[in-house]
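All chains are identified by letter, namely A, B, C, D, E, F and G, in their written order; residue positions are counted from 1 within each chain.
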Amino acid sequence: MAAPASTVDLSAAMIAAPVPIGHWLAILPVAHCLTLGAVLLMVRAYPRLQAWLAISGLMLLTLMDAALLAKVATEGPLTMVMGRWLPPFGIAFTIDLFGALMAFTAALAALAGGIYALADIGESGRRYGFFPLLMLLMAGVTGAFLTGDIFNLYVWFEVLLISSFGLIILGSEREQIDGALKYAVLNLIATTLFLAGVGILYAIFGTLNMADIAAKATDLRGTAPLMTLASLFLLAFGMKAAAFPVNFWLPASYHTPRIVVSALFAGLLTKVGIYALIRVMVMLQPVEREELGFLIALAAAATILVGALGALAENDIRRLFGYVVISGIGNMLAGVALGGVDGISGAVFYAVHSMVLMTALYLAAGQIARRGGGFSLSALGGLYRQSGGFTAVSFVLFLAACGLPPFSGFWPKVILVKASLDIGAWWLAASMLTGGFLTTIAFGRLFLLAYWRPAPMALAPSRRCWRTGLSLAALTALVIGFGIMPEQLLRLSQSAAAGLVDRQAYVHSVFPEGRAP
Amino acid sequence: MNTLIFRTVAPFLTALMLLFSVFVLLRGHNEPGGGFIGGLIAASGLAVYGIARGVSAVRRALFFHPLSIAGAGLLLSTMAGLLSIFFAVPFMTGLWIYPRLFGVEVPLSSVLLFDIGVYLVVLGAIASIALALEEREVE
Amino acid sequence: MMDYVVAAVTALLLIAGALFALSAAIGLVRLPDLYTRMHSASKAGTVGSGLLLFAAGLYSEDSVILARALAGFIFFLLTAPVSAHLLARAAHRSGYDLGDISVRDDMAKR
Amino acid sequence: MITPAAIITAASSGALVILGLALLLTVWRVIAGPTLPDRILALDMLTGIAIGFIAVIAIKTGFSLYIDIAISLGLVGFLATVAFARFVLSRGSIKSPPSAAAAKGKAKKRRTGRKRQ
Amino acid sequence: MTAFLFNLLLAIGWVAVTGSVSLLNLIFGFLLGALALFIIREPFGGKTYPRRLRPVLSLAALFLKELSLSAWKVTITVLSPDMKLKPGIFAFPLTVTSDFEITLLANLITLTPGTLSVDVSTDRRTLYVHALDCSDPETTRRNIANGFERKIMEAFR
Amino acid sequence: MEPLLSILVGLFFAAAIYLMLSKFSIRIMLGIAILGNAVNLLLFTSGRLTREVPPIIPAGLDALPSGTANPLPQALILTAIVISFSFLAFLLVLTYRAYQDLGTDDTSEMHAAEPDDRLLPPLGY
Amino acid sequence: MADVTALTFLALCLPLAGAVAAPFVIRVFGANGAWLLAIAPLLAFLHFLRFVPVVARGEVVAGGYVWVPSYNLSFSWFLDGLSLAFALLITGIGTLIVLYAGGYLRGHKDQGRFFSFIFLFMGAMLGVVVSDSFLMFFIFWELTSITSFLLIGFDHEREAARRAALQALVVTGGGGLFLLAGLLLLWNMSGVTQMSLLIGSGDVVRESPFYLAALILVLVGAFTKSAQFPFHFWLPNAMEAPTPVSAYLHSATMVKAGVYLLMRLNPVMGATPAWEILLPFFGGLTLVVGAALAIGQTDLKLKLAYTTVSSLGLLVLLVGFGSEYAVEAAALYLVAHSLFKGALFMVAGIIDHETGTRDITGLGGLMRAMPLTSAIALAAAFSMAGLPPFFGFLAKEEIYAALVGGDIRALTFTSITVFGNALMFAVAFVVALKPFLGRPVETPKHPHEAPVLLWLGPAILAVLGLFAAVFSNFTHAALSSPISAAIRGGPTEIDISLAPHIGLPLALSVLTVLLGIGVYWQFARARLLMAVLLRSAGRGPDHGFDLAVSGLVRLAGRITRFTQPGRLDIYVTCTFVCVAAILLVPPVVYGELPRLPIWPADVRLHEWAVFLIAAVGLAGVLIARDRLTAIVSLGIQGFAVSIIFLLFGAPDLSFTQFMVETLSVVILALVMTRLRLVSADRRPPGRRIFDGTLALGCGLGFTLLLMRATQMPFNDTLTAFFNAYSKSIAHGANVVNVIIVDFRGTDTLGEIAVVAVAGLAILALIRIRAGTERKLAANDPDSVEAEG
C-alpha cells in the first residue's frame, strides 16, 4: 500500500487514528447480511445448501447484534464512519441503544422465521429466492436500524422494501398478486415522500448526518418549512408503520403471502417505520414533534381503535392479526405523541415486544391452519382438544397481544397509560385501555371459536415438526420472559429513550469534539 | 425477431457495446461513467443479442445465470468494503496500490473493485429481467 | 490564426448540422406517410448529429476526443439502418399500409 | 473584435435554438402520431437530435466529456427502437384487432394450459 | 479469421477511444475484445473477411459520397413546397449470398438517397426496398446492382 | 432559476399524482414513473442550481474550482434513479401479472385479497 | 423462623408448583392424586396460620424481593389482618376444593388440566390479597380473570360454558382496565406505589382533584369483579363451570376480590360522601336484586349463585357504611359467608353428582340415602340463615347493630337488609331442606352417600362454621378484630359474643326469621311471582351481553369495511389528501410563503424549449388516448429531464437518466405487449375535477415548499469538502463518482442490493405460477416438485 505523493493534510479530511476491531460491530451485521445474501443469490440452485447457509447466517447475525447490543449498553453509542472520512462527510453508522435493541430483536425474529421456513418454504420458494430475499431483507432492516445518515436510511428502507416485494409474491396466488399491488404502490408512495423529505431537509440544513442535523436543528426553529418537513416525515413513516389514516395497505396485503413471510413482515416492517418515526421526530425534530403532539396523539388513538375494531370484525385470522399489528402501532405512536423518556421508553418496549409477539402470532396462525385446515374462524374448531401444548402457547401469545399480564404486552401498556395520565391525556389512556379491551374480546372469541368449540369435522392428529415447534416455542419463551422478568428490557428501553431525548451522547459519539466542522 | 439483417449485425453491436461498457466502467472515476452506467450498457448489449438471436443464445453465452452474476457482483462490492478490516481502517475505506506492469504504473484500488461489483450487479440483474421478459414474449 | 480556422469550421459544421436536423424534423412533420418519413429521420438525422459530433471532436483539438466522436458516428452508421429496417419491417408486417400516394408495393404481393 | 470564442458562442447558441425548434417539431410528431410506428420513429429521431444537442452543449461549454454521453445516447436510442419494433411486431396485425374479451380469454387459456414455466 | 480481425479492430478502437497509446493498453484492449467476442462466440463460424484493402476503401468512399448525397436530397425534398413524391416498395433480386454481404448491402442501401431496405425474403433471394421515387424501379435496381453490390463482391470475394 | 424549477417540480408532482389517482393500474404505473422524476428534480433543485459546469476536476487541478454544479445531490439522485428504476420494473411486471391473473387493469375490480363479501366472524360463541 | 421471607415466597409459589405437577400426578395416581396435590395448598395454609398470633398482636408481616426496580415495583407482600384472613380462606378452602374436585371429576379425561387451572387460579388469588405493590396487585387481579376464564369454560364443548367464560372475561377483564387506570391515578395522586404506604396517605388522596375520577375507576373494577348490579349477570352464568369451581370462586375467592379491594381502600378513599353514597346504594340494590332473583330459580347452583350476588351486595353496603360496627360486621360476614357458601355449593355438587340433577323441583327425600350430606347441608344452611349457634348468626347480629339508626338512611338500608336477609333465609332452607325432606323422588341416577373426597370438604367447613361461633372470643381476637383493624386503618374496640344483642338488632333478627319462614312456606308461589315479575321487567343485562357482543362485531365490521374498502384508488386518494394537507396547511398557519420570483427569470431560449418539451411530455401522458402514446410521451418527459440535468452540469445524471428512461420505456413496451388495455382516462368529469384539484394542490404544495426551502441560506460545507478532497485523497476527478463509490459508497452498496433483489423478485414474479406452492402447504414440505 503505497500512498501517492500528496501535499494534502490528511487529518483535515480523515480520521487518522486506527479503528479498534470492536468498532467493526457497527457495520458487520449489515455487511454480513449483504455478503450472505449475495452468496445465497449465487447458490440459488442448491436448496439444501441455501437453507443451511441461511440459518447459520441468521444465527451469526443474532450473535453479532447481541454483541453490538452489549457493547452499546456498556460503552454508550458507537460510531464508525465509512471510508474514514470525517463526519458528517462520510456515511456514519451510529448505533445507540435504541438501534442496537431493535436490530437485535429483529435478528431474533428473523432467526425464528428462518427456522420455521425450513418446514414451510419448499423447493420453488427456495429456488426463487426465499433465503436470499430474507437475508437482504435483514440487510435492509439492520441497515435502517444502525445507520446514522438520513439518506442512507432511505437506501436501507428501499432494500427492505424491494426484498419484501420479492417475498410477498412468492407463490403467485391471485390474492398475493392483488395484495402485492396495493402493498407496492402505497409503500412506494411512502418512500417517495420520505425521499422528498430528505431533499427538503438537505435544502434547509445542507447535511444528511443525523447527529449533525440534531446539532444544527437547534438553530433553526419554528419555521413553516420545518413543520412541513416534520409532517412529511410523519406521514411517510406513519404510512410505513401503518398508522391511521394511512394504514390501508397492511390489511390489504399482510394476509396474502406465505405465513412465514407474513410473520416476518408483521414482526419487522412496521417496526422499521416506527423506528424511523421515533428517530426523526424525537431526535431530529423534537420541537416540531411537540407542536404536532396532539395530532400524533389523535392518530394514535384512531389507530388503536381502528386496529382493535378490525380485529373484532375479521373472520380470517391472518387479517385479524394484521389489525392487531395496527392496533399495536397505535400504542407505539401514542408513545411518540407523549414524548419524554416515559412515553418513548414505552414505545421502545412495545416495539420490541411487538416484533417478537407478532412474528410468533403469525407463525401460530400457520400452525392453526396446518392443524385446523384453514384460516377462517367460521370453519375452525377443536384445536384445544387436538393439542394442549399448542393451545397453551397460543393462549400465552393471545394474552400478550391483549396486553394482559404477566406477559410482554403488559409492561409497555402500563408505561404508556401511566405516561398519558401523568400529563392529563386521559382520553389517550382511555383509548389504549379500550383498545386492549376490544382486543381481549377479539382474542377471547378467537379462542372460543377456534380452540374450544368442537371441530366441525374430526381433525387429523397433527404431526410434530421440530422446526416449527422450536421457533414458536422460542418466541413464546421470550414473550413470557419479557413479561415475568421485564427489568432488563425495561432498563434498556428507558436508557434508549433517554438517549433519544437527550441527544448529547449520540452527537458526541459522532463528533467527539462536540460539533461538526 | 428473426430477421437476417438484425441477426447478422447484432453480434458486432453487442461486442462493441460490451467493450464500450468496460470503457465507461473504467473511466467513471475521472469522467462521467462508472459501474452503473457500464452495467446498463452491457445489459443493453445482451438484450440486443437476445432480441436478435433468442434468449437461449444469451443464456449459453453467459455460462452463469445472470442472477448469479449479480450475486457475485454484490459479493465483490461488499468484499471490497470489508477488505479494509485488515488495515485497521473503517469499512469501505479506499485502498490503493500502484503496481508497474511493463513499465506502466497501473492504479488499482478497492474502489475500482467496488465499481466492478456494481457493474456486475447491474449487468446481471437487468439482463435477468430482460431475458425473463423476453422469454415470456417468445414462449 | 489556427484558432480562427477551427472556430470557423466548427461554426459552419454546427449550423449545417443543426439545419440538417431541422430539415429532418420538418420532413418528419411534412412527409405523407410513415415510410417516407423514415427516409427523413434515418438519413438527415444521422448526418445532422454526425456533423455536430464531428464539430465537437474538431473543436476540442484533441485527437482522442476526435477519435471518440468518429467512433460514435460510426456506431450510428451501424445502428441507424438496422433500426430503420426493423421498424419498417415490423410496421409493414403489422399491416401499416403505404400512404395513398404510393405507386407500388412488391412486398404486399408476397 | 470577433474572437474565435465569440464565433463559437454565437454559432452554438444559434445551433441550440435551431435544434430546440427541431426538437419541438419532433415532439409534435410524437404526440400527433397518427400511428404507433410514427411515434416510435419520432422518438428515435428525438434521440438523434438530442445527440446533436448534446454535442453542441459540449462545444458551448467546452466540456468534451459530453460527447461520450452523446455516443451512449445513440446506443440507447437504438435499443428503444428495436424494442418498439419488437413490440409492434408482437402486437400482431392491426387489421384484425382482437377484442379485449378475446385477449382476456387468451390470457386465461394460457394460464390454465401451461404446465411448466 | 473474422473473429481475430474483428478482435484486433476492437483493440484498436479501444486504444483510440481511451486515448492512452501504449502496448499495455493495446493488449488490454485486445483481451477485453476477446472477452466480448467470447461471449458472443457462436455466430462467428463463417469465413467472410475482406481479401483486398483497396476495394474496401473504395466501397467506403462510395458510401460516404452516397451518404452526403442522400442527406442533401432528402433535405431538398422535404423543403420543397410541393413535394412531388411517388413512393413505393420494389423487390430487388440479390446476387450476394452470405449473411454478411446481404446485411452490408441492405444497410448501405438504406443510407443511400431515397431508398430504404425494408426486408429480406425468407429464401434470401430478394431484398425489398422502399424508395421515395418509385416511378422507375428498374433504373434504381441497376444502380444498386452495379454500385454497392458489385463493390461488395469485389471486396469480400 | 430555482423558483422556475420549483414550478416544474410542482407540475411533475401534479401530473404524477393525477395519474396515480386513477383506477387503472397502467396509469398508476405511468404516474409512478413520473413521480420518480419529480422527486429527482426536487432533490436536484434542493442542492441549488448551477448552469452547465459539471463537478469534474479539470486535469492539472487538485480541487474543484468554484462555480461548478453541486455534486452531492447528483450522487443522491443517481442512487435514487437506480432504485426507482428497479421498483418501476418490478411494478410493471407486477401489473402485467395482475392483469393476467385477475383479468383486469381496473384496481377497483381487484378484490382477490379483499373480497367484497368478506365474512364477519361467527356471532355466536 | 428460619427465613420467613423465603418461606412465604415458597408458600406463594406452591400453587404454581401444584399447577405444574398436577397433570403428571393425575396421570400417575388418577383421582386419588388429589390427596397428594392437596398438600401444596395445605402447606401454604399452615404457613399462613403461623402468622395469626403475630397479626393478632397488631403487627404486619411484610417481605419481598426486588423485581422491577426501574419501575418501582417489587415482588413484595404485606400481611395484615385482612390479607391474612383472605390468604387463609384461599389456601384453606383451596385445600378442601382440591380434595373435593378429586372426587367430583374422578375419571374425567381433563382432570389434570383442571387441577392446573385451579392451582393457577389459587396462586393468582393469593397474589391479589398479599400484594403490597399496586402493579403486582393488578397483575394478579387480571390473572384471576384469566384463570377463571379457563375454569368457567372448562366444559368447553358446551356453548353455554364458552359463553359464560367469555362473559366473565369481558366483564371482569374490562373492569380490570378501569382498575388499572384508577390505580395509576392513585399512584399519581399519592406518589407511592405500595398499598402499605398508600394507607397512610388517605388525606392526600381524598383532597386530590382527581379523587372522584379515581374512585369511580376503582369502583368499576371492584363492582365488576364482585358482581355488583348491573354487572351481576356474569356470576350466575359462571355456574356453567364444574361445581368445585363454583364452590371456590364464588365463596371465598374470585368474587371476594372486589370486596377485598374496597376494604383495602377504605382507609384511603373511604369516609367521603361519594364513598358513603355509592357503595351502600349499589350494595343495597345488589342485595335486593340478587335475593329476588335467587327466589326465581329452580336450579340449586343458580339459587346459590344469586344469593352470592346478594351477599356481595351486603358486604359492599357494609363497607360503604364504614362505621366501626359495620366494618366488624363485614369482617364476620365475609368469613362466615365463605364457609357456608363453600359448603353449600359443594353440597349442591354432591346432589348433582349423586342424582344427576340440580333441579329443585325434581329432588326430594334424599335424607335417607345421604344422611351425612343432609346434616352438612343443614349446618351450612343454619349459618346462612343466620340462626344460632352458627357463625352466620354472629355476623347478622353485628350487621343489624351496625345499621340501625334513626335517620332515613339507616331506616332505608335496614329495611333493605332485613328484606334481603329474609329472602336468603328462605333460599338457604330451600337448598338445604327441600332435597332431603319428603318422599324420595325418582332421579336420573340412584343416589348414594357421597365418597369421602366429596363430603370431607363441606363437612369441615360446616363444622368450622359452628366452632367459629361457639368460640366467638377466639374468632374475634384471631380473625375479625385484625380484619376490621385493617379495614378501618386502626385498631377497633368492640367486642362480640354469641350472646344476642338485646334490643333492636335482636328484634330485627327475629323479624328476618319470621319473614324468611313465611317465604319458605309459600316458596312455590314466591317463585312464580318472581318469574312473572322478571318476565314483565323484560330481558336483563345478560341478554344485553349477547346483543352487545354481536352488535360490537357488526359495528366493527361496518367501520372496518368503511376504513378498508378494498379499493386502491380510495387508498391513494386518501393518502394524497393527507399529502396536500401537510404541504399546504403549515405555510398558511405560519404565514410563511416563499418570496415570489421576478419574471422573466434569466432563462435562455433553449432552456425554455426543454422545459416546454417536459411539459408537453407530461401533458401527453395525461391526455393520451391510447397507452402507447402515453408510453412514448413518458419517454419524452424523461428525455427532457435528462437534458435538464445536462444543462445544469450533471452529465452523470443525464447519462444515467437517458439509459434508465429508455430501459423503462422498453420494459413498459415489453410488458404491455400482451395487454389489450386502454390507458385513456375513464373517470367521470366530477371525479376528474376532484382529482385534478387534489393533484394540483399537492403540486402547488411541493412548489411552495421547495421554493421556500431553496430561499433559505444554504450550507455547502459538504460540497466544499467533497470538492476539495475528491482528487487529492480519493484519486478521482469526477466528484460525483467519487461520492458514489467512496464518500458515500455505503449508499451504493444498498442501491446495488436493491437492483439485485429487483432482478430476483421479477424473476420470481414471472416464473412462479399459482398453485405450485399450494400443493406444498397441503402436503409434505419436503416432497415438492422441482420447478424451472
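Observations, loosely collected:
Keep in mind that, in the parts below, contacts are C-beta pairs under 8 Å (C-beta built on N, C-alpha and C of every residue); 3 or more make two chains touch, one makes a residue touch a chain.
Going by UniProt, the chains are A = Multicomponent Na+:H+ antiporter subunit D; B = Multicomponent Na+:H+ antiporter subunit B; C = Monovalent cation/H(+) antiporter subunit G; D = Cation:proton antiporter; E = Multicomponent Na+:H+ antiporter subunit E; F = Na+/H+ antiporter subunit C; G = Monovalent cation/H+ antiporter subunit A.
Keep in mind that this is a model prediction, so the values were computed, not measured.
Shared contact partners of chain A and chain G comprise B, F. Using the contact threshold fixed earlier, the set of chains in contact with both chain C and chain G is B, D. Of the two interfaces, F-G and A-B, the higher number of touching C-beta pairs belongs to F-G. Located most centrally within the structure is A, per distance between chain CA means and the overall CA mean. Greatest Cα centroid separation from chain G: this falls to E. Of all the chains, the one whose CA centre sits at the greatest distance from that of chain A is E.
Inter-chain centre distance (chain A to chain E, centres taken as mean C-alpha positions): 61 Å. Separating the CA-averaged centres of chain B and chain E is a span of 29 Å. Work out the mean CA point of chain A and of chain C, and you get 56 Å between them. Our note on geometry: chain B versus chain D, Cα centroid distance of 25 Å, whole angstroms.
Counting partner chains per residue, chain D shows two or more touched chains at residues 16, 19, 21, 23, 40, 42, 57, 63, 65-66, 68-69, 71-72, 75-79, 82-86, 89-91, 104, 107, 111. In chain C, the residues that reach two or more other chains under the touch definition are 24, 26, 38, 46, 48, 62, 65, 68, 71, 75, 78-80, 82, 85-86, 89-90, 93.
Under the contact definition stated at the top, the residues of chain A that touch 2 or more other chains are 4, 8, 34, 37-38, 41, 82-83, 132, 151, 155, 158, 162, 165, 169, 172, 174, 181-182, 185, 189, 196, 200, 203, 251-252, 312-314, 445, 448, 453. Interface note: chains touch in the pairs A-B, A-F, A-G, B-C, B-D, B-E, B-F, B-G, C-D, C-E, D-F, D-G, F-G.
The residues of chain A lying in touch with chain B in their complex are 1-4, 15, 18-19, 21, 23-24, 27, 31, 34-35, 37-42, 44-45, 80-84, 132.
If you check the complex, the residues on chain A that touch chain F are 8, 151, 155, 158, 161-162, 165, 169, 172, 174-182, 184-185, 188-189, 192, 195-196, 198-200, 202-203, 251-253, 255-256, 312-316, 376-378, 445, 448-449, 453.
Taken in their complex, chain B has these residues touching chain C: 1, 3, 5-6, 9, 12-13, 16.
The touching residues of chain C, counted against chain E in their complex, run 20, 23-24, 26-27, 30-33, 35-36, 38-40, 42-44, 46-48, 62-65, 67-68, 71, 77-78, 80-82, 84-85, 88-89, 92-93, 98-99, 101-108, 110.
Contact residues of chain F toward chain G in the complex are 1-15, 17-24, 26-30, 33-34, 37-38, 40-42, 44-59, 61-64, 68-72, 74-79, 81-83, 85-90, 92-97, 99-101, 105, 107-108, 110-111, 113-116, 118, 120-121, 123-125.
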